Structures are given as C-alpha cells and as structure tokens.
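These are the structures, in structure tokens.
In what comes next, chain A is part of two complexes: it sits with chain B in the first one and with chain C in the second one.
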Partner chain A sequence: MFEVKNISMIYDMDTDEKMYALKGFDLTLPDKGLIGIIGPSGSGKSTLMYCLSTLKKPTEGTVCYNGTELTTITDSEREKIRRKEFGFVFQKHYLVPYMNALDNVLVAAADQSEETKKRAKEFLAGLGLGERELSKRPAKLSGGQCQRAAIARAMINNPKVVFADEPTASLDHENAFNVMRILKSYSADRLVLVVTHDRSILNEADRIIEIWDGEISRRETE
Partner chain B sequence: MKKPFSAFYYVKENVGRSLLIGCMFFLTTMLLLAGNYIQSNYYYWDGICEYTESLTDIAGLPTDENYEDYKAVIEELEADPEIIVMLNSGFSASALSWKCTLGFTMGSHCARFNTAEDLQTAFRIFGYKGDFSKVHDGSVIISEPLARNLGFKLGDTLGPEEGLHGEFTLDALIDEDIFAVFFVETEEENLIRAHVLSETLSPKEVRERVTQVVGDRKVKINVPVRAEVEKNLGPINLIFYVALFLLSFVLAVSVNSVIAGHYAKRTYEFGIYRALGRTKGEIRRKCAAEIALTDAIATVIGIAAIELYTFLMNELYYIPHGQFLPYWSVLGIVGLVVANALVLIPVVLLRGRSMCRADVTEF
Partner chain C sequence: MKSNLSAWKYVKNNRKNVTTMVVGLALSFAAIYIVHMLLMTSVESFKPLALTQPKKMCFFALSRSTLDQAAVPGAEDGTAEEKRDALVKLLEQTDGIDSVIRTQIIRTDYRAVIGTLSMKFPLYEAKDIPAFLRHVDAKLTDGRMPEEDGEILVDEVILKNMNAKIGDWYLPDWYGEVFKIVGTIKSEGMYCVGTPKGFVNNGWYNTVLCDGEHSDLESLLAQYGIKLGAEDEIDDAVTNRTFYQRDCVELIENVVKAISAIVMFFLGVTMLIAYVSFLRNRVNEYCLYTSIGYSRFEVYGMMMREMLLIFVSGLVAGILTAIPVCLIFRLTIIDPRGMICRLLYPDKMLQTAGLMLFILGIIQIPLLLCIRGIKTIDRLED
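On to the complex of A and B.
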C-alpha cells in the first residue's frame, strides 16, 4: 500500500543548524495489518507518520500510496485522500468540546444522512458508548470514552488506513488495552499504523518498525 | 438535523461566546440610530421645502422704478384664467425658532397673506386642513407639531418676545408636519409681493408660466429652499460620514482582536478538520458563516432595539414636544451597511486564512 523511497525531513532548512527528523530511508507497508512504529521521543516516528498521512510533505524522497505519488499531488487531492481513505487517532482525543460524542463522530462523516447517524451510533455502541454517553460532551466523558469516540471518528468512513499517534499515552492500562484491541480488530482487513514509545502495547502487532534518530534501526515481523 | 460542521450548530452550542462577539457587532447598529438623528433635522424642513416648491412668490425690486415691471407682470398673470394672484405686503416678516430632536435651535419659514380668504384659498390648494373660522387680520397660523414644540396653544398672543415682528393671535393650527409660520396682515399699500398659485396647474407649470411672463423684467422669483437647506445641513452629513469611518475602523480593530483571541483557542479544532480532510474552502466558508451569522443576529437584535427605542421616545417625548425621530433614514442605513462591511470583511478574511493554516502536527 505504501512505498517510501529515500524519505528525508529536514527542519530549519535555512539555518546552519538543520535538524534531520528523517534521514533518507526506504520503507514498504502492506494493505492490512497492525504495524507499530516505535522509538524514543524525537526519533522521527511521528514525523514519518505525518509524511505518510499527507499532513506533512517530506523535504526529499517520495511517498507512494496505492500508486499515487503523495508528494506531487495538489492540496485538494491530498485533502480528498485524507477524507475518504485515511483516519486519525491522536494522543489527546482532540474531540471538539462543544459537540457531543455522536456529533464528534458525525463531523468526520462523508455525509450527514440518517443512515450515517444510525451507523455512527452502532459503531459507538460497539465501542462501549451507549445512548447516555452519545449526548454527552467530552468534558463529561472519561479519558477512555473520549479516546473511543475519537477512534469511532477515525473509522466512520471505513478508511483504508488508520494512523494512530500515541493513542494510549493518556490512558490507564485497562483503557489502553481496550483501544489496542479495537485497533487490532480493525486491522484484520485494513492497515493500522500505531506510533508509540511503549513497546508493551504492540504485543499484538503484525510488524514493528524501530526508528532511532531519524533512521530505521530494525524491522521486526511476527 | 443541524450538521455539526455548520455555523448554526456552532452558534447554538456556543451561545455565550456568540453573544460576546455579537455585542461587538451590535455597536455597528448604533450608526443607524446616529443617521436617524441626523436625518431628523430634515424631517420638518421637508414640509417647508415642499411648500416653497409648490408656491411661486414674486417680488418687485427696488431698482424697478415705480415698480412698473412688477405691475405689468401682475397684470399679465391676473389676466390668465388659470392663475390666482394674491398680493401681500412688502414689509419683512419674522419667523419662529424651534428646537430640533438633536437639541439645537433651528429657524423656520414664514409667509404672509393679505386676507383670511387668500390664506384659506392657498391652504385649500395645498391641502392643509384645520379650523380657519377664527382667522382674521392679525392672526398667525402654525402647524400642530410646531405649537407642541414651542408650547403654544390656540388663542395665545405671540409677539416680539417670541421673535415675531408684531403682535398676533394664534387662531388656527394646521394638521401638517411643516415648521412654517403664516400671517394674515391686511395692507392697503406697499403690496409689492405676490403669491402665484393655480387650482388647475401643477406647481411646476405655475413656476414655468411665471418665469415666462417675468422674462428679463425687474421682478424677483423665489427660489425653493431645498438646495439652501441641503447646503446648510450638508456639513453635518459630512461629519457623520467621517465619524462613521473612524468608528468603523476602531470597531474593526477591536472586533478583530476579540475574534482573533476566540479563534486562537479553536486552532486545534480547525487543525483536526484539516486532518479529517476538510478543504481550505470549507474552512474559510465555515469561519465566514459563523462570523456572518453572529453579525446578522446581532444586527437584527440591534435594529429591533433601536426601533423600540425610537417608538418609545417618539410616543413618550418627541411627538408631545413637537419633535420626531424617524424610524429609518438613508443616512442611517448607509451607516449601518458600511460599518458592518468594514468590520465584517477583514475579520472574515483574516480568520478564514488563519484557520486554514491550523496544523494538527504542531499541537
């Protein structure tokens, strides 16, 4: 699904102290499965994820997604891909504070029909959020419930790829386990990329990529 | 179902914040009230302007020896079956001063008729209604609003203390919004002025006929006062427009800084929208719609408040005191629209552009 060639990301290009977040490596990712990208803080793992998901454009190199060269297409084409094919789960849930849980999911939906609303409710119910929780705003939900609503938001359009950047960092052990269980289940026929510094949540990963100082130091496959 | 991304949803779920921004926009509606107050100066002058446009007055000039030209013109006009000529005195007359809605004193217009019959004929042609049964030589007639403005009642004696050139009794009130003073003063001599009217010709046709008859003879034809009024009140309009732009600029800066702070707190929200694949166009339209909707609600509430204020002030104070504040004016509407545009457009453009740059990766 993803073909990355010689990808580099350099910050502060115009200064003498250039910072290499990614240092020119190749990578291939499959159509499905749970892939973990692990590394210490500042290793470039989040930057890699941003480059793959079109949130950032690499300074050098190419990122091909299903034959489409993501670094050369227009902004509107990138937006279209993000809208239809990608989903995002962030460390902090980043739910909109004035929307209830259901509307936070619907705001990401491709359409606002009654059918989509029904599907969103079913999805949230499957993630353990009942009718009572649906009408509550994020401030009235627990951290785990917010993160599950964020996962529902990421998956409402049935994206082919879900990018999860430290999805369990703000959660306790039990909720972290639940979130990883959901992501693992989704990865049965989709690609789920999880960026983390916590190896313990990647027990169920199909593959682990270790990044150190902007370079891939190890690739493990189960 | 209100869509979560829509402006209506945002305003409905964030009433407090929207009210705060709305209060800023509400201030722009004050321009409507300011324009209405300035337009109120024109309100009673409109009646005088219409009167001077509908009545053609001629006067003999001192350079006309023995007023020969004047007499010849009068003779020709009196021979016209469609023309009515009312001779009246050449002595000067004085009018009353009154207080306008803005609080300062304004002058009025005056006209003299030689007989009560002449006055009643003229008023019948103008369509002025009232009880003229007591009108006689030595009467003064004014409008009901002017009487309320000055605190006069029927039967009052008005003289030099009130600014008039002699003693007169207030013998009739006309039901018209015109701040003019009409005298009946019978003179036998010095009848070197004349009102020229017609029951069948329009005021424009009368004026044309009089102008044709006068030609280049030494007879003066009155000029309608509208141009003079607009010339005198014009500087006030100019001051209004200058104040409008200055106030709009100040409002634009303050509203923009309040809104900037408000949207800065929502940067991550818009960053998420961008990550979810919302286009820049959708983001800009969302910002524009939220701000415009808040402005529209504030403007409607502002206009309603101003109309209510105007109604209460008119009923409780202005009309009983012979004044009037209009409910709308061209000046006020221009002020409201321009102020809103000057405040709204930069805010919408700047916020839309700023939120398009929201980047979730930078949180």
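On to the complex of A and C.
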C-alpha cells in the first residue's frame, strides 16, 4: 500500500544547523494490519506519520500510496485522499466543542444520509458510547469517551488507512487498551498505523517499527 | 465529495454568541431606521405644505420701489397702486389662474420633530370662502363656515399640531387680534382660511389661486415686466420646492446619513473585534477540518454562510423591531401632534442592509487572514 523511498524531513532548512526529523530511509507498508511506530519523543515517528498521511511533505524522497506519488500531487488531490481514504486519530481528540458526539462523527462523513447517521450511531455504540452520550458535547464526556468519538470520526468513511498519533496518550490504562482493541479489530481488513512511545499498547501489533533519531532502528514482525 | 460543514450547526449550538451578534445587528439597524423615520417625519409633514399647497395657492407681495420701476403693460406710467391693479388684472387673465385677490394673511407655525414651518393663510370675505374651499378641494369636516369677522377654518392636521380644538381662540404672532376657530377642513394641501378683523381685501399680500401648472409666480411676474428685489416676497411652488429640497430634505437626509455613519462605524468596529475573537476561539476546529480533508475553500464557505445567516437574521430582527417601534411612535407621538410619517422606507432598509453588507465585507479581512493562516493539526502538535 505504502512505498516509502529515501524519505528525509529537514526542519530549519534555511539555518546552518539543519535538523533532520527523518534521515533517508525506505519503508514498505501492507494493505492491512496494525502497525506500531514507536520511539522516544522527537525521534521522528509523528513526522513519518504526517508524511505518509500527506499532512506534511517530506524534504526529500518519495511516498507512494497505491501507485500514487503523494509528494507530487496537488493540495486539492491531497485533501481528496485524506477525506476519502484516510482516517485520523490525533493525540488530543480535537472534537468540535459545540457539537454533540454524534455530530462530531458526522462532520467527517461523506454524506449526511440517514444510513450514515445510523452507521455513526452503531460505531459509537460499538465503541461503548450509549444513546445518552450521543447527544452530549465533548465537555460533558470523559477523556476516554471523547477519544472514542474521535476514533468513530476517523472510521466513519471506512477509510483504507487509519493514522493514530498517540491515541492513548490522554487515557487511563483501561481506556487505552479498549481503544487499542478497537483499532486492532479495524485492522483486520484495513491498515492502522499507531504512533506511540508506549510499547505496552502495541502487544497486539502485527508489526512494530522503531524509530530513533529519524532513522528506523528496528523492524519487528509478530 | 459533498461538504458536510454546516453553518447551521454553529448557529444552533451557540445561541448565546449568535444571539448577541444578531441582537447587536438588529438594534443597530432598528436605531438607524427609527431615527431616520422620526427625522423624516419633518420631511413628510412639511411636504403637503411645501409641495402640494402652493400648487393651488400662492402669495406675492411687491414693494413700492419694485412697482415704481416696473413696466406693467397698460400702466407703464401709472402709480405703484395703478401698476399693481393692472398686474392683478393681467394675472387673472392668465390661463390657469382663477383669482388674484389682495388679502390680509395670518401665519401659524407648524412644528415637526425637527424644525418649524411658518405657513400663511389668507383672510377672505365670508362669502368668498366656499369658492376658496372648492378651488383647493377642501371639505368642511366639523364645525361651521366662518360667518363673522375673525373666524377661521383650520385643517384637521394643523389643528392637532396647534393642540387646539373648535371653539378655541387663536392668537397669530403679529396680527394683534385673536381669531376664533369655528371649523375644521380636510384637504391634500392642508389649507386654512378665515375672515379678517375689520378690513377686507386691503392686505399687502396678493393671494393667487391657480392650478398646478401656473404656480411659478416669479416667471409670470417677469413676463409682465416685474424685476423682483430683495424686499419683495414670493411664496409660490418654485420657492417652496427649493426651500423644501434644500432646507428640509437635504438637511435632514444629511443628518440621517451622519447618524447612520456613526452607528455603522461603531457597529463595524464592534463586529470586527467580536469576529476576530470568534475566529480565534475556533482555530482548532478549522485546523481539524483541513486535516481531515476539507479544503480551505469549504471552510471559508462554512464561515461565510454562518456570517450571512447571522447578518440576515440581524436584518430581519431589525426590521421586525423597527416597524413596531415606529408604529408605537406614530400612535403615541406623531399622529396626536398632527405630524405625518411613513412607516415603510424600503430605500432606507436597502441602504442600511447595504451598509451591513459593507461591514460584512470588512469582516472578510480577518476572515481571509484566518483562512490563510489555517494549519493542519500536525502544525498545532509540533
């Protein structure tokens, strides 16, 4: 699905002291499975995820997604791919504060049909948010409930790839494992990339990629 | 893929913020409209007196020196009195002029919200008054016709403005005698008429009863060799129209424009400050939208639709506030004081709506800056 070649990301390009977030490596990712990208803070793992998901453009190298070279396409094409094919779970949930849980999921949906609404409710129910929580705004939901709503938002369009950046960072242990169980279940026929520095949540990962100082230091496969 | 960024969701879920903005817009609109309507009451009230009345009744008073120098046909070498009589005859022979009669006049002040208009009305012999009323299309609506000296008929609206009633005595400014109000009349031009005290047909004024097409006395007098000087007085359709347009309509419109500009300036500044804070509070939301694949154009579209919804609601609420308030003013202040007003000024509504759209245009500046500055969430998390 993803073919990454010689990818580099340099911050502060204009200064003498260039900062390499990614230092020219190759990577191939499959069509499905739960892939963990692990590494300490500042290692470049989030940058890699952002480059794969078109949110960032690498300084050098290519990122090929299903035969499409993501680094050369237009902004509009990138937006289309993000909207149609990718789903995002960020470190913070970024739910829209004035919308209820259901509307927060639907805001990312491809349409607002009754069928989509039904699917959104099913998603949220499957993630443990009951009928009462659907009409609550983020301020009235717990951190775990918010993150689960954010996961439902990421999955509402049945994306081919879900990018999850520290999805459990703001959750307690129990909620963290619940979230990971959901992502694992979704990865049965889709690709889920989880960026984290917490190895314990990647117990069920199909593959773990360890990044250190912008380079892949270890590739583990279960 | 269809955009699901609905403007309605923000409006529906942020009633407090939205209501504040809608109320602000509505009150600004209503304030401008109500002030406009009140000030325009002067324009509307003076209109029958300044534009309609002189079409059928004009006055002129010529000084002795003007008549001395005038070459009135048929009385070129006559005295001033002979020239005046010859001029009256010539005028009466003119098509469209029914009569030119030397009359005394009395004046009354007609007060509007802003300004006072001093109006003249003629004093005829009692027997001539029915003909006068026929000429000006006035009907006696209450009371009786003047029969004795010093009795007057007053237009219904003027009577209200004078805060008087039938049977009251009226003391004109400089006549030196009181007149009794014996009846009310109703006409388009708000005429008044009465009988003099003691002397008839000996006034310095000439009252010209004419039709609408022959109410330009200055031109008519010029045709008969009269060159007007500073001491002469002409009160005809042209002088009244000029006064009305320059000293009434333009003046009041300029005042209204100045008030509108001040209100709109403060509204614009307030809206700009409120909107910048509104945008700042929603940066994360906009970043989320672009991150999950919405284009900046779609986000801009949503923001514009929200603003339009707020502006249109403000406008509608403003109209719905302004009209009843204007109606209350009309029923409690304007009508009882014999003033005339209009409730609906579609042109002013459009103009104010246009000014609000201009403010919406100014708001595009922070909006576009915000759109340009929208980042994806990766930048927020960096």
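FYI, the second predicted complex is superposed on the first by the 222 of 222 C-alpha atoms of A that agree within 3 Å, B and C clash if a C-alpha of one lies under 4 Å from a C-alpha of the other, contacts with A are read in each partner's own complex, and residues count from 1 in each chain.
We take it that contacts are C-beta pairs under 8 Å (C-beta built on N, C-alpha and C of every residue); 3 or more make two chains touch, one makes a residue touch a chain.
The structure displayed is predicted, hence computed values, not measured ones.
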item: Chain A as common anchor, with chain B and chain C clashing or fitting; value: clash
item: Chain B versus chain C as contact partner of A:Tyr50, first or second or both or neither; value: both
item: First (chain B), second (chain C), both or neither touched by A:Lys117; value: first
item: On chain A, positions contacted by chain B and by chain C; value: 46, 50, 55-56, 75-76, 79-84, 86, 88, 90, 92, 94, 96, 98-99, 103, 106-108, 112, 153
item: Chain C residues within the chain A interface of the complex; value: 1-2, 4-5, 9-10, 13-14, 284-285, 287-295, 376-378, 381
item: Residue ranges of chain B touching chain A (in the complex, touch as defined); value: 1, 3-5, 9-10, 13-14, 268-269, 271-280, 359-361, 363
item: Parts of chain A lying in touch with chain B, wherever the complex brings them together; value: 46, 50, 53, 55-56, 75-76, 79-84, 86, 88, 90, 92, 94, 96, 98-99, 103-104, 106-108, 112, 114, 117, 153
item: Interface residues, chain A side, partner chain C - complex; value: 46, 50, 55-56, 75-76, 79-84, 86, 88, 90-92, 94, 96-99, 103, 106-112, 137, 153, 165
